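To keep things simple, chains are lettered A, B, C and D as they appear, and every chain counts its residues starting from 1.
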Amino acid sequence: MADILILTTGGTIDKLYFDALSEYQIGDSVVARLLAVARSAADVRVVELMRKDSLELTDADRALIADVVRAAPEERIVITHGTDTMTQTAAALKDIPGKRIALLGALAPARFAESDAAFNLGMAFATVQVAPAPGMWIAMNGTVFPADRVRKDRERNSFVAV
Amino acid sequence: MADILILTTGGTIDKLYFDALSEYQIGDSVVARLLAVARSAADVRVVELMRKDSLELTDADRALIADVVRAAPEERIVITHGTDTMTQTAAALKDIPGKRIALLGALAPARFAESDAAFNLGMAFATVQVAPAPGMWIAMNGTVFPADRVRKDRERNSFVAV
Amino acid sequence: MADILILTTGGTIDKLYFDALSEYQIGDSVVARLLAVARSAADVRVVELMRKDSLELTDADRALIADVVRAAPEERIVITHGTDTMTQTAAALKDIPGKRIALLGALAPARFAESDAAFNLGMAFATVQVAPAPGMWIAMNGTVFPADRVRKDRERNSFVAV
Amino acid sequence: MADILILTTGGTIDKLYFDALSEYQIGDSVVARLLAVARSAADVRVVELMRKDSLELTDADRALIADVVRAAPEERIVITHGTDTMTQTAAALKDIPGKRIALLGALAPARFAESDAAFNLGMAFATVQVAPAPGMWIAMNGTVFPADRVRKDRERNSFVAV
């Protein structure tokens, strides 16, 4: 059992750009690379669960994420996720007991020179280590929000407390 | 009063490279730029307190840092610091009551394409937001350490629990 | 009159990513920023002519590019362009006398941490400075091709000599 | 025989930063990585000849560089070099017949997020491909200088024509 389980589900954070198609697609998860650049020595297990835009996630996808979280031996769980439906996935996980869960995504792909991915992953890592009791949080825009008191403001392209 | 006070003291995280001198020097703090890239909407106050390699910090410097922390209206305080004497500065701050303090640095300058600075700053930001009570932590190498139970292993160039 | 005229027409090199729309769009030209990072002291004039995917360029667009090139007081001209129809635009410019012209694009947006944009722009800059006589070249994939002896191999996503 | 021989000799372009020592050192050459990011398909041979600050290069070092250039089967030669004595090395190579040689360096390490290394390497690559006859050039600051008509202005930290 690792100290922290990292589940990747896709989203902007993992987006690549394919010139041949003139489009982006979700690629290999960048999590391992971000942890290497961060010189992380934390004991982690990484599971690439799916590669989807969060607008494409179905109820079945969310049920699968919940099943994997529930079954995990780790108590501390970090989930990378598209930003558009992150709060919906959080709602689907809210009755799972005994877990410290932090969800994060990125507003610019991690492969960009200027991305919020590394900072957000750092926030999520600290959240599951420092939280005094089980709970769920969303780490975006410099802020650790309780997962049931935040929404994405698409106009401003930013997460705000509710 | 801001939600979070950020004190910068220098260290590798802020190092520039001057070709004309063929040497590194500590430049303007990169904190504001890291927060912009992170698209942080957190309410912060940034104070550039000093620009020193942490091996050059004196007792008087540490007393000044402690005075600024003690006098700050903010309860949540993030300090960027050179890595070599980060634990000494933490020791100098340990009797200050009522503060959630997170120290961080970087093992590679933030201006490098591959630096741990953004991730570590993210960890420190989350730590002071999530900590349930006053205390002091060091956020390095993917880990949030209690500040009195960590040391830098210079051989391995990594922070380890003690 | 500057030494080098830079015309920007759009293409992958200038692509931004908008999370709010989950799509890429062509943004402000990155040329000025690339030249600043390159610490270029060359005497240039930059004209942002259009912002189009090269698949969307019309005959009228190409006629406009040709008109601007023909009318330019500068003899040395660098053109940033989408990669898919770069050779078509070159064909539309081939009868303009007295100009050293280098076209370039990028297979990954310049805003990515890993992009061929800076290298290609460097090749184009050198080409118009070093060419012994008027002519036209395409600078891509580490190679300066005569503009009428190259094609983009979309399968391999690479320019190859023909 | 490759189309282009790349000789690396050290200098700022290859500088690493070692936090454990609080100093930089010259590391593995970044040339291979820069060419990969540039998606270069050029046929090259890379020889890591030495790893020195250019202020430390001796007459014997320059004689060695000249010997390697003279003996090379390739006619097109790119040399990465520290900036401070680049013109001296060029002077030591000036009597070698039959070669198109471009020297380049960087004013900021290639490992920085913002470095002139990729652009300068692109200029050097194009120079040896486009030059109509043997000769020697220095590719720095957005400009391809004839190697005997340029100097580094250390005050302005920039190469200027003489």
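One rule holds in what follows: contacts are C-beta pairs under 8 Å (C-beta built on N, C-alpha and C of every residue); 3 or more make two chains touch, one makes a residue touch a chain.
Keep in mind the model is a prediction, meaning the values are calculated, not measured.
A.B. asks: Could you work out which chain's C-alpha centre is the most distant one from the centre of chain B?
C.D. replies: Farthest from chain B by mean C-alpha position: C.
A.B. asks: Approximately how many whole Å separate the CA-defined centres of chain B and chain C?
C.D. replies: A distance of 43 Å separates the two centres.
A.B. asks: Between chain A and chain B, what is the gap in Å from one C-alpha centre to the other?
C.D. replies: Centres of chain A and chain B (C-alpha means) sit 25 Å apart.
A.B. asks: Approximately how many whole Å separate the CA-defined centres of chain B and chain D?
C.D. replies: Taking the mean C-alpha position of each chain, the two centres sit 38 Å apart.
A.B. asks: Pull out every residue in chain A that's touching 2 or more other chains.
C.D. replies: Within chain A, the residues that touch at least two other chains are 107, 113-114.
A.B. asks: In graph terms, with chains as vertices and touches as edges, which category applies: line, ring, star, complete, or other?
C.D. replies: Chain contacts: single closed ring, each chain with exactly two partners.
A.B. asks: Applying that definition of touch, give me each pair of chains that meets it.
C.D. replies: A-B, A-C, B-D, C-D
A.B. asks: Contact residues on chain A for chain C in the complex?
C.D. replies: 12, 15, 17-20, 22-24, 53, 55, 83-84, 106-109, 111-114, 154-155, 157
A.B. asks: Any idea which chain A residues touch chain B in the complex?
C.D. replies: 34-35, 37-42, 44, 107, 113-116, 118-127, 129-132, 137, 139, 141-144, 158-160
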